[in-house]
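Structures given as structure tokens follow.
Below, chain A partners chain B and then partners chain C, in two separate complexes.
Take a look at the complex of A and B:
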């Protein structure tokens, strides 16, 4: 059982959900999701957000049934020792890989926009100890990083006021120009930007009165959805649809237009501040991964964390070049969406296992 | 037979005691005839007040009639004197400024009379935390005077003082002060426990204790607030915190504390809340400015000069055109110069210090720009940063800000703005991890407690602050007021 002192208030579920969801994707998702729905893709985000709401609701249904237990324990109860451990290990490897891809994607932006000839291995040597420093402490520290990683970068939203001056509302008209099917197809792509909610199943026991936190978790998802919708909306009225197709990071383009008397090229500030956005991702994913492994393998979490970070370090170095990064992130997001569908499966499975157990007794 | 043996043993112990005492030349003992009996008197000359002996001891010893020490004890008009034959007690009390009187006939009884010399500095106005308005008293080196200064502000029976002695050599008096029923018992127990567990031979100043009982002794951030203002201590005790008084130290420690508390001057409470809030915000801004400005200069000029608009770039380029060094070297040279000036100014007497300030500030500054060693833009920035770090009301936090600028500079040089971000992240995580007496140090930012923000970066009016800060975990959260029914007698 987790001690009362190590638990965080229910409100923190808001920051944990949002902190896990918003990441480097916020720079690029606008030019990905319009593949089917075009300028109506912002509706797809809302659709995706609603689906995520349902998934969160399902997760809390399961979690409330298994009062104060996490993924590893629930798996063990539903599937038994071996299969449960196997699924938990898969999930923790997924989280580790996700962290590596997030970090690598951020590094790519650094390489393209700020330092073309940065020595990646050296820069990572600065960042990896930072992540270890975060996850080596109590879970409280990870939550704190999520909190600051949500609050502080919010200031970047104000930078979206500047592009409005050069934007045309006609770019986004007429609304509902696409079929429902196209919007749904796009929302499947938009789901990529909402990944990471599954970590809820891992840190749930660390939230005080976790059933009360459901409200805040939904608020967190709502916040993420609204941030995405705002970014998407501004992007689509600033760029025309055939323009945005060829841009990899449209949000950076939005920042470029910011002009202050003492400041040009706001995107440099934006990219550096974005470090605080990806930090919660990295911390939460690696923590979740190491925590799940610890629950299954019962090795000291310290050693698991060090091993995981070393693996992430080498994954980041090995993945080199745009194609490989795209390949890796495609791969991991596909698994991620697949795992999102695992949540309803888990929901059904827990019903079945309950039934079976009741019948057996 | 047995009785004789113990008597002999005691005799030997006393002989040993006096031999030990006589090792030091300031130990004085002499004998006076009193009728048929002989009196011996002894004391440490450096620990006692001669005037007291002349006025209150010797006249009574010589002129009155008595047959044993108990009678003498009643005659001498000094409180807290006592009779004992405990060797270790005698030794300890002699060192603390007692004198002993012994009668040949009364066996092994010794009368101990307190005549300590109490020479302390006069109570002066605070120097480190000076304020224009408000009380002008500051703590001095005597713990009794300091406790008195607080007791007269909080004359309630709930004010409890727990006294201890620490340091195997110095045996320094330490007092843990709190208000019963308001302060969290756990906090008080933690402080007492940590002081009792302290393993030190010497405690010269309260800062020794601060360093020894801090939660993380390797952190550059001070985790206990120190103050020299009795009014601040009184206010903070009423808030439910714990104060640690140390003898021979004019600084009193307060815990648990939070980061924002280091940016609040006590003067904030003497001013109207709007003004006080504005000053606090300026102070917070000054600290951020002081930490970030030179690293940003280095980051931008080394890696991303595109950030600077064309018009401003012209000014910067023309001021840097003569400088042969990269920005990092330029910045480090100037920062080190300022640190040198500060160190020199702090070590020298005030008058010489002022001269150094003028030499450093005007002569070196102008000369180095004219010689083309630094750009005058950076000179302005560094000077402003130095000014900014002086605005922190607590000296120790100022030192921390001085220090953390340097790693930030290096990060900025290597990875530009990203490096600055990474360094800030390190500091932020460190602050998240820090605790003060086990309570989070970064409160009320995280753990996020909006109610405690009333007295953090801004100070809201008193009538909105009806509750004690949650960070203290006070046993009485609500501040009880008299509802306008004040005692008029």
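Take a look at the complex of A and C:
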């Protein structure tokens, strides 16, 4: 059982959900999701946000039934010891790989925009101890990082005022120019930006009176959705659709127009501040991964964390160049969306297992 | 647990020492390119001139010009580095000039590096020059340095509405956009000094025509809203200087029986600051009528010229695309030269200074 002083108040669910969702993808999602819906893709984000709301609701349905239990325990109860452990291990590997891809994507931005000559393997040595420091302590530290990861980067939103001067509202007109089908197709792509909510099932026991936190989890998702809609809206009125499809990081491109008397290139501040956005991602994913492995394998969490970080370190070094990074992130987001659909399956499975068990007794 | 911190210390130490050998860019050891000019030589060669400032003493700057032939911008950079005493850096690039000849052959190949290079901002100015850019750059004798001088020159003209808003962002936007065409300032040497003499009009990335800078007010009027512009109305009987002009452009798109009708509804509000006739108050109606008539005539000619050349620097096609759902971009582009564009210009005089 988790000690009372290790638990966090229900309000923190807001920061945990948002911290896990907003990641390095916020820089590039606008030129990905418009594949089908074009300039209407900002509507797709709202659609995707609503779907995530439903998934969060489903998760809480399951979690409330198994009061105070996490992924590993629920899996064991539903599927039995061996299959349950297997699924839990898959999920923890997924989280580990996701953390590696997030870190590598951020490193790529540093390489391209700031220091083309940086030695990646050496720079990673600087970040690994930081992540280890965060996840080796209490869960409260991870939550603290999530809190800062939501509060600090919010100031970057003000930088979106500058591009408005060169924006044309005609770029997103006429609204609803694409069919409903195209908007839904794009919202499938937009779902990639909302990944990471599954971690809720892992840290749920650490939230005091977890059923009360549902409200805040929904607020967290609402916050993420609105941030994405604002970023997307500004990008789409600033760029024409023909222009944006060639740009890898449209959000960084928005900052290129920012002019400050004491600073020529705002991107440098933006990219540095973004580290606070990816830090919660990294901390939460690696923590979730090591926690799940610990619950299944019962090895000391310290050794699991060190192993995981070593693996992440080498994955980051192996993935080299734009194409491989794209390949890796495509791969991981596809699995991620697959795992999102695992939530409704879990919901159904828990019903079935309850029925079966009731009949058996 | 001390072991943990020892491990941390070793990792951080290794990381910092390794990356310490990264090439450094110290301000005294580099030369910042502030302006670059490109001239046409032949199909595969361009001649590039760059200016980098050298700081002599407080407030004094001397420009050093480097020039060479090359096939690509980065090829040029490599060649020029063999001439320069320090490493040349692009980070402070403020103005890029193309000569008319090069602009006629298309500039798209030479704007690519501006977009690809992360250290170059979108607020950079592009311009076309009549003669060679080398000549223009070597003519500038200013304590500010050529880059700052030219960028200030363009910037204050944009701010005072002498030239429509332009920079790298608006240029590439119009270039990439499927329905619109870009424009740039056009420099000409007058008495040994560069002067913004016209607005260079492009068809996609090739320069095809220009509008004299005197008509830029009319161009601005059609292009969008003006804030704080000015205009001089010259008649035989009187002259009137109209200042503090605010305008409001509305584009009304109508589709009837498959043909598209456009009405540009432009409202102008201004203040008369100088008047050579009798009394502003008495002649108010006449000034209003004459001004509206003159602007209407000029605007009509300008739009007719755009339609004949099949270019759209003022974004009419984009307005059609955003208002009529049924039309594809190709249909709009095909129909554009034949579209009827009507104008409705109204002027309201607010004040007449301190005299009646």
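As a working rule, the second predicted complex is superposed on the first by the 361 of 361 C-alpha atoms of A that agree within 3 Å, B and C clash if a C-alpha of one lies under 4 Å from a C-alpha of the other, contacts with A are read in each partner's own complex, and residues count from 1 in each chain.
Rule of thumb we're sticking to: a residue touches a chain if its C-beta (ideal position, glycine included) is under 8 Å from a C-beta of that chain, and two chains touch if they have at least 3 such contacts.
Please read these numbers as outputs of a predicted model, since none were measured by experiment.
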item: When chain B and chain C are modelled together on chain A, clash or fit; value: fit
item: Which of chain B and chain C A:89 touches, first, second, both or neither; value: neither
item: Touching partner for A:144 - first (chain B), second (chain C), both, neither; value: first
item: Partner chain in contact with A:170 - chain B first, chain C second, else both or neither; value: second
item: Partner chain(s) touched by A:73 [first = chain B, second = chain C, both, neither]; value: neither
item: Which of chain B and chain C A:123 touches, first, second, both or neither; value: both
item: Partner chain in contact with A:265 - chain B first, chain C second, else both or neither; value: both
item: Which superposed partner A:110 touches (first chain B, second chain C, both, neither); value: first
item: Which of chain B and chain C A:256 touches, first, second, both or neither; value: second
item: Partner chain(s) touched by A:248 [first = chain B, second = chain C, both, neither]; value: neither
item: Inter-chain angle, chain B to chain C through the CA centre of chain A, in degrees rounded to a multiple of 10; value: 100
item: Distance in angstrom between the closest Cα atoms of chain C and chain B, superposition on A; value: 5
item: Touching both chain C and chain B, counted on chain A across the two superposed complexes; value: 115, 118, 123, 126, 133, 259, 264-265
item: Chain A residues touching chain C - in the complex, by the definition given at the top; value: 112-113, 115, 117-119, 121-126, 128-129, 133, 136, 166, 168, 170-171, 173-174, 177, 239-240, 242-243, 246, 253, 256-257, 259, 264-265, 267
item: Complex contact set, residues of chain A against chain B; value: 8-9, 11, 110, 114-115, 118, 123, 126-127, 130, 133-134, 137, 140-141, 143-145, 147-148, 259, 261-265, 268-269, 271-273, 275-276, 279
item: Of chain B, residues touching chain A in the complex; value: 303-304, 306-310, 312, 411, 415-422, 425-426, 428-430, 432-433, 440, 442, 445-448
item: Contact footprint of chain A on chain C as seen in their complex; value: 4, 7-8, 11-12, 14-16, 18-19, 22-23, 91-92, 118-119, 121-123, 165, 167, 169-170, 172-173, 176-178, 315, 318-319, 321-323, 325
